[in-house]
Each structure stands twice: as C-alpha cells, then as structure tokens.
C-alpha cells in the first residue's frame, strides 16, 4: 500500500480526494493537514464523510512524516504549493498540486501538466504534477483533439457553467445559499486567470484560433458544462469533429463521446471521473458540449487518475467501473 | 376601467398576467378561461396568488362575453391563438397573443410584433399583437440597437440560460424538480423554433451576420440570461456597443444599461418588466449580457407593456416604479 | 415625511427594511449605516435592490444626524442595540430593534414587545420596540389566541422550518450553498434562545403547557413554516381552535386563517407581511400550521408594521394591498 | 449468479434498484419491465444511469421469462403488485414488493414485512416481502427499539420532511420544479395512508401511545428526516433512549446511532442504505431524529437488503463498505 497525504485538507476538492483515497484499493490515507482545523475529525469537518474518523493535523505534519515514494496532494492554493512542493520533492515524495502554482510554467520547469488524455506518457514518470482546474479540463477535452482541423477554426467561444463548489469552501457572501439560489452569475468579465491557461494549453495542442472564455456560477453544488462554439474559417462539420473525438478518446477510459444528438446530464457525472462530450452543428457552427464533475475530472478525480499513472497502477483503479455510453 | 380577459389561464405566464392585471390601476380582470380547470378559483390553481378569488371559466366564455375594446390575452398556445383570434378581433377586441402563432408572419399579416423598444409606434394602433417569447426578447434587446455596427459583425453566438417556468406548467418529466435540480440542460441541439424567430427579427433590424442560438434550462424558477458574443469582422469595442445601447435605450423605461463592468443579477429582475444589459470585451470579442425575467419582460410583463401602449396608457403603468441603475 | 434610518444595514433583514422604506409613501430613507461596508451604494451591497443608489455610511452617522421623532431601525445584533438605543432615545428618536437585546426583559423595562396582534395599543405610544424574531412570531401567531383553551393543552410541540436568510448574511460555512442545498438541518438540539422567548411570551398570553421547540434550516432563501402540535389534556377540536383564531384575527389585516383544510404555500408570503394559519386535527391532536416570510412578518415587515403603529399611520401602509383568503 | 427482474421499471425507486443490482456481485439484471416505455434503453429513460444499456421490456415479459428462484422486484404500485405477485410466486420466484399492497395485512397473509431490523429471521425464509415505505421506515427505526419504555410514552408526534423523489416520477404539477422550489409543503392534513402503517407496525412492536404523523415535501431530490417527539407519561431521558438504541442496533450494519449531540446530514445518506439516529432532550421531551435516503433505506436499498437476506447473502453485499460513526 502506498501512503497518500493531503495538505490543505479543508476544502471541497480535498474532501473528494479523501473520499477517493479512502476507497482506493492500493493507497491508504496518510496525513490530512489543515491549518484552519487541526485536531478535528474529517467526519466533523465534512459531514458527508461520516465514516472517515481520521483527524486533521497541524500545518507541517505531512512534511515531517512523509517518506520517499509517498504521494502528497497539495489542495491549499498556490502559495501553499510554492512553499511546500520543493521540500516534499526533496524528501522523495511524488507531489500532485491542485492549484495553479505550476500550471502556467509547466513546459519550462519540472512540473508535468496533469491532463492525462494528452500527457499520459510524461505523467507516468513525473515527480511533480500540475493538476488542471475544472474549466480548463472541460475546455481542453473539447479542443485538444481538434489539432488536425485547427486551420479551419476562426474563433472559439467557450461559455461555461459551473456548480458553486468550484469556488471553494472559504466562506464568502458570493458562495452563500441566498446569493447563489435563483441566479446565473457571469463573472470574470474583465478576464479570468483560467482563460490564460486554456489559451496556453490550446496553443500547445496546435489550436491557434482566438479563444474567448466566459465562466458562470449556476445554482448547483457540483457539475460543470462547457459549451464550446467553433466558428469556422472554412467549412467544418459535426461529422469531422465527431470522428476526431472518437479516434482520440478510443483508448481513454473516462471520456465518452455521444454518437447520437443528445446533451450531457450533469448528475450522471457527479462523484465520477467521467467526461461526456456531445457534438451538434447549427447554422454553420459546430457546438461541442463538454461536461464533467468540477470536483471529479475537474479536480480530485483527475488528481487520482494522475496518481494512478504516476504509480503505474491501472488508470481506472479506485473508481467505480463504468462502461461506455452509446 | 378597461376589462382584460385571459384565455388559456392555467400556465405560469397566465398567472403572471393575472397578478399584473389585478394590480393595474386602469384595467380590471374579466373572464379567466381555462379548458383544463374550469370552476376552480385562481387561488387554488396558483397558490402564490392567494388573494385572487375569481374562478376560472369554461372554454368559449371569453368569446361569448367580450365587448368591443376589451383586451384579450391569449396564453394557451398557438393552436388556441389561431382558433380564437379571428373571432375575438371580429367582436372588436384588442388581442395580445403570447404564443408564436403570429410571430413568424407579422410583416405579412395584420399582427404587429410586440417588441416595444423597436415597434412602439406600430403597437400603439394595433388590434393584434404577437408578443415575443423570452429567448427572443433577450436576444433582440442585445442585437436590435446594433444596426449601425452591423457590417462589423462576422458571427453572433447566443448562449442562453432560462428558468424552468419558461417550459410551461403542463406536467412533464423534464420539468420535474428531481430532473431539473442539479443539472444544466442544453436542448434544441438540432435547432429551436425560437432561433428562427431571433434570425427573422434580427434581419428586420439589419443584423445580417449568421446567428447560432443555444438554449439551456438551469435550476431556477424564473429569470433568463442570454450571453451574446459578437465575433468581429473588423474591430469592435465595448465602447462602440455601449454608446449605441445608451442612445437606443435612453427613452425606454424598462431597459437599464450597466455603464460599469458588472454582471446582471437575476433576482433583481424577477417579478418586474425590467431588462439589464451589460457589455464586456475580451480577446477581441464583445460579450453582451442580456437579462430579463422570462415571465416578465419575456412574457406577461411585456404583454402588459404592449397593452398599455395599445390603450394609450403610460407605458410603465401597473408596474412598480423603478429608477435607472448607474 | 418621516425619516427612517437603518443602523446595521448590511444583512438580509436590513435589505428588506430598505426595500420597504423606499416604497413607503409616508417615510423616507435617512442614514443607512454599516460598519462593514461604508461608502458602498446599496445597489452594490444588495444586487437585488438595483434602484437604490444611497450609499451606506460609517458607524455613528445615524446617531450624529438623527432628529427628534425620526425612526431608527437597529438591525445589527444585540450588542449594537444595547450600545446605541439609549443615546438614540435620548435624542428623541423612536427606536425599533430587530435583535433580541430587549425582548427578554420587555415587561420590566421601557421596551414594548413588538407583536402587534397582541400589543397593538402599547406599541402605538412606545419609543422603544423590541421586534420579535421569525420563529417566535410564527409560534405566537398560533399560540396567543388559544388562552381560552389553555387548560386543555397538555403539551405543545413546535417543529419549525426556515429559509437560510434567517441565519443572516455574515459568511459562514453553514450558510453556503453547497452545505444548505440537499439537506434539512435540525439545530438547537441542546436548546435555542428563541425557545426561551417563545415560552416567555406564551406564558404572558396564558399558555402554561410545556413547549418543546425545534428549528430546522431548509434549502430555500426565505419563508418559514412552524408546525405547532397541541397535545390535549382534555378533548380539543379543530373547530375550537379555528373559532378562536377567526375571532382573534378578525381585525388583523395581515393574518389569514384558512377555513378549508389546506396547507400554507410559502412563495405566497415571500416579500409580504402576511401570515397564513391552517388548522388540522388527526388522532386527537390539533395541528396548526403557521407560515410567514422570515424576513417579512418575521423581521422587516413586522418592524414596518410596528413603525406604522408608532407613527399613527394606517397599519397596512407601504405594503401591497391584499384581500383575505377564503 | 441470481437473476433479478424489475417490474414497473420507470420510477425513481426502480432506477435505484437497477443501479444497485447492476453493481451487485452476486446478482445480475434480468428483465426490466415498463408498461410506459418498452423498447427504450435504461440510459435514455434515466440519464443518470448512462452506463446501463439494457432496454425496458413490455408488460408481461418478466412473468413469461422468470425462472424458479429468480428474484422479482415489483416497483409499479399496489394494483400491479396484487395482479402479478400470485403468478410470480406460483412460478417459484421470490417477490419483493415496494408498494403497500401487502403491508397492511402482513401478519394475516403470506407476506413478511420487510423491515430487517425487526423481522430479519422471518425475511430469511420468505417468498413474498412487503418492503416498507420511506416514512414508515424512518419512523420505525426510531420507535421499534423503545418497547421496554413503551409505558412511559404518552404521545408520539412525527414531523417528517422528504425529498420529492418520494412522490414518484409520474408527472404532476405538485412535483414540478417551479412548485417544489422555495416551498415546504405539508400534506396529508386529513390523514395519510403511511400513518396507518406506522401505527400498525408500532403496535406490533408494543408501542401503544397515540401517534400523530405529519409529512412534508421539502425542496431536495432525495433524503428524509423524521423528527420524532416522545411526550412522556412518566420521566424519560435521552440516556434511556440512547441505551436502548445502542443495544438494539449493535448488530445492524446499516444503522448508526450518534452518541454525541449532533444532527444527521442528509447528503451523507443519499445513495446509501444507511440510517442515522440522533437523540436530544429538551423541556422533558425526548426528540429523536431519524434520517435516511428515501430511495435507499426508504425504498430500493432496503429492498436489496431484504433480497440479500432472502438469498442468504451477506446483508451488506452490494453496498459500499461503511464503518460506524462515533
């Protein structure tokens, strides 16, 4: 059994990591470290995990106890990640960071960008993984396979809708029930840091069209839908895009491409590491719908998938078995 | 006092019409006709209107009782509208139809398209008004003022999010709480009849760029946000668009244009006939956010606004007074 | 015009006060004072009030500017109330406190308990009103009229369900969307301060049976339902209770007693100062359902009703006209 | 592998049965029969089960194909159950009925009441199981262990709050999103058939105090909380009740009794067959909080638990492993 520690263990993505590690057959829960709530059992911090009795521990505990080849998930923001990652790596740990601390410099530095559908081979040997965020993952799932068609795309518009857990568990007026309920809240109107990351990784995948990205909070806990509109420079069809997706995702266990014309259903994804892709075409524009659980494939699920790759375990281990959707 | 009848009085838009007529100082509730629930008091059919004790009446009652110069709202679908409108008009009634029965042929026939911000003068003398739907209204509010910039727009993408009351009150699995809660549901992937109406009215307003329209149901009762992306052919700025909106809407009491960069808040619009427009610009694309209450400016509110114009009443009569937002 | 100030103007009840004062025909908005957000316009603090452009002001401004006979609403908690009320009263202001600072000592001190259905006469001449909380109001509406039957009641069980705005707008994990959505949360299992207030005021109204009180948060913004079970000592019928309610509330404009056997509908009450009472009887127990808007009759609405009484204005002024429910 | 068929496979409980059978290691999905949607794949009927590609089949198919010792779940209402159960039993099938067709006569007839925590031994050898409903299960979990204290209880008040999936998937205005959202709806004011069942089974367990039962719909999909108030005839303490619960449930894998004073959290139960019991005491009344997933322990989960007992399998098989809560 490998030991997996979680540093910054008081948010929603951390809770989902703890749930997934707890049920993983090859990995055991190590130190769960939280600056804000040391000494409190997980079941009291996250009442939806009533069967996890481990107590959260003080800042610094993971670093003190980590052994070579342990896995450490950093789930506490980019400052924490920049502070702790070097020392953890120095002790021989494999580090998977869920913040954006290492995402915008992955090609320059030691970190590998943790998007397995593109970087599976590099992830397998990595010591430091920059796990992508939820919006970026949904966008890349739709864009990365399109490299062969890149010249035909004049503009990409991404209109994304996310559940509120994507905003974290730090109390804020904007995350309160009475503010989220009954509204669809557009934000990032002046630009959003995830937009830059989408552009960086799309460029790396050969998609050079300009990309406009628009995130929204919708009144649901978890789930993310990105509507990706491909404005063509020269004719582009649903069939073209569907064929590329089917080829690209054929060997990817978590990504399902809908062959018939139906929309993703977010509750089907919640609690999974799955992604559902649908493709439509109207008025000359190809409309891709990319759906994930923002805490699953958009955060903790993908982090566990990356861990499996790093450890040489079967990529699907620890997740419920699923079969492809027709 | 003018008498206003409602035919097809068992849906959400009809309930909002009844609420608005009941509080209108110049208009009194006449016959409320419902094929499905005759004999039942409004307060029992719509428990959120506990103070309206009028009973619904049988199909045909409005036609039998209507007098010349009464107003009749048709809120029961396009078949009902096609069936009843001619006879009602023949009796001298003014007819405001909330279905799409007369929308796609308004220029050819007798009906006037009930979008006051463009057709105010024609509405004033009309006998038959084709009241636009919620998606179309939100889209037109963003597009119609742009005629002077039309040549600079290469493509329009409209990604709209609506509360479930837009789907009506006829029971269906897709409108049930347990299906809507927790999901963002894209639909109309193969095309949506409101898309054709948006195109027709945009063309009439001189907007000739191709338009792709994508509706979604989000888990809220009422409220509609349309994100309208203007992909430029030649440079287009936030300032250009904002200036046109401010000029176009200067004399329109219900439309507020946000000068500073903030997003609409749907709960501010629920129960009103107001519309809020915000304009952003990112990566060369102008992003307009057009927000209304789908039952207000998107249905019953606009119908009352049209009635006020038809009757020569102040356009804002019967609505709560509002002042502009800075 | 009377001037009304609001001190502690950053919570949900304060927002509702501002909305109600803004539309009141005899009262004008004075100082809106907020320690946490001075200098910010109301429309930015509360996006559902986009038409209120007044800026919040610094702590102490109301006290500095208040004139004799102004009304001051204290909406900032009991410490603020104890601190500011004496000085405001000394300057001749009428003070309506929404906290529980003066509620548990009202009979001893200068404050009058602001439950108009029982203390209307005393409120009319008062300078300091202790405005009851939401749970207490719903409970008292069901219990106070029962004095003539008090000997027949062996035990009262109150199981109450409230929208989350009752918990205030100070950010807390327990008020976040992702915690409230999908749950019904019982709290106060070891006792709740509102329970003591219910007992105090029930005793004052002659109800001496033991009372157990159990509050719950349900996933809705606003609205409160109290199920009040009367366990009889000697036979008690629905008819007995209904008769007392009809007599007691005959001259009360905001309280409607349902004669037929149907349950209250919370959305009918939101935004109003109304209360709906229904009475059922099963298995020898009389079951009263008392429903209000927790921010309306349970907070700001009742405060405005008290202000109207204090100022000698018609009790219903400033609220939408309503007619009784049959 | 045992084959399990589901007749009446178009509702929420049926969907949960299908999900649980699909992942059960000892049981395979047989015929899924639906009068309303034959020929449609499960994944299209229930979009949250995208990986189940089996098609629903026509009425009568299960009866035609069933073999001796197969298990048949009847999830289509009491008429269907009365019609099909005899013929299925005659063919040697084990029948588990989720309707109330056989619940109110279980002691007289052949059916065993499927509440394993009380009737485990009888269930083990049964051919026909009457699976209790959600409200009844939550109530019995709180009441059945109290037999030794029965003489001390003067009155029981049960105030229950359920998610809307408890009302089934047949479209109805009362189950629509726009009616459920924002409300807490009391119903059954004149009596509810589940009340009679609670009384019957409580009497069978020696609880003779009068019981008043009050169900409510709250705006959530799944989850049920029953607040059970025990009004004492002679002193009754939290400790007395807690001690009985701990003894009674010691050997029951799915029931957790909270030793410390905290309330159940419904999201912790959704998708499980677990039940959480908390005990409080205030003002002389013992207040028990009994929480389940209405589709889990309240329907499909309990049905699978019963199936495991009938088949001699480990009681927890097919459910996620859980450990007790402290």
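Going in written order, the chains are labelled A, B, C and D, and every chain counts its residues from 1.
Just so we're on the same page, contacts are C-beta pairs under 8 Å (C-beta built on N, C-alpha and C of every residue); 3 or more make two chains touch, one makes a residue touch a chain.
The shown structure was predicted, so the numbers you read here are calculated from the model rather than taken from an experiment.
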Pair joined by more contacting C-beta pairs (A-D or A-C): A-C
By mean C-alpha coordinates, which chain is most distant from chain A? C
Chain C and chain D, separation of their C-alpha mean positions in angstrom: 39
Approximately how many whole Å separate the CA-defined centres of chain A and chain D? 36
Where the centres are mean C-alpha positions, what is the separation of chain A from chain C, in Å? 45
Chain C touches at least 2 other chains through residues 181-182, 219-221, 265, 267
Which residues of chain C touch chain A in the complex? 12, 163-165, 169, 171-173, 175-182, 219-222
In the complex, the residues of chain D that touch chain A are 23, 41, 43, 47-51, 53, 256, 265, 267-268, 276, 320, 322-326
Of chain A, residues touching chain B in the complex: 154-155, 157, 159, 161, 181-187, 189-191, 195, 210-214, 216, 218-221, 223, 225, 227, 229, 231, 261-267, 270, 278, 280, 282-285, 287, 289
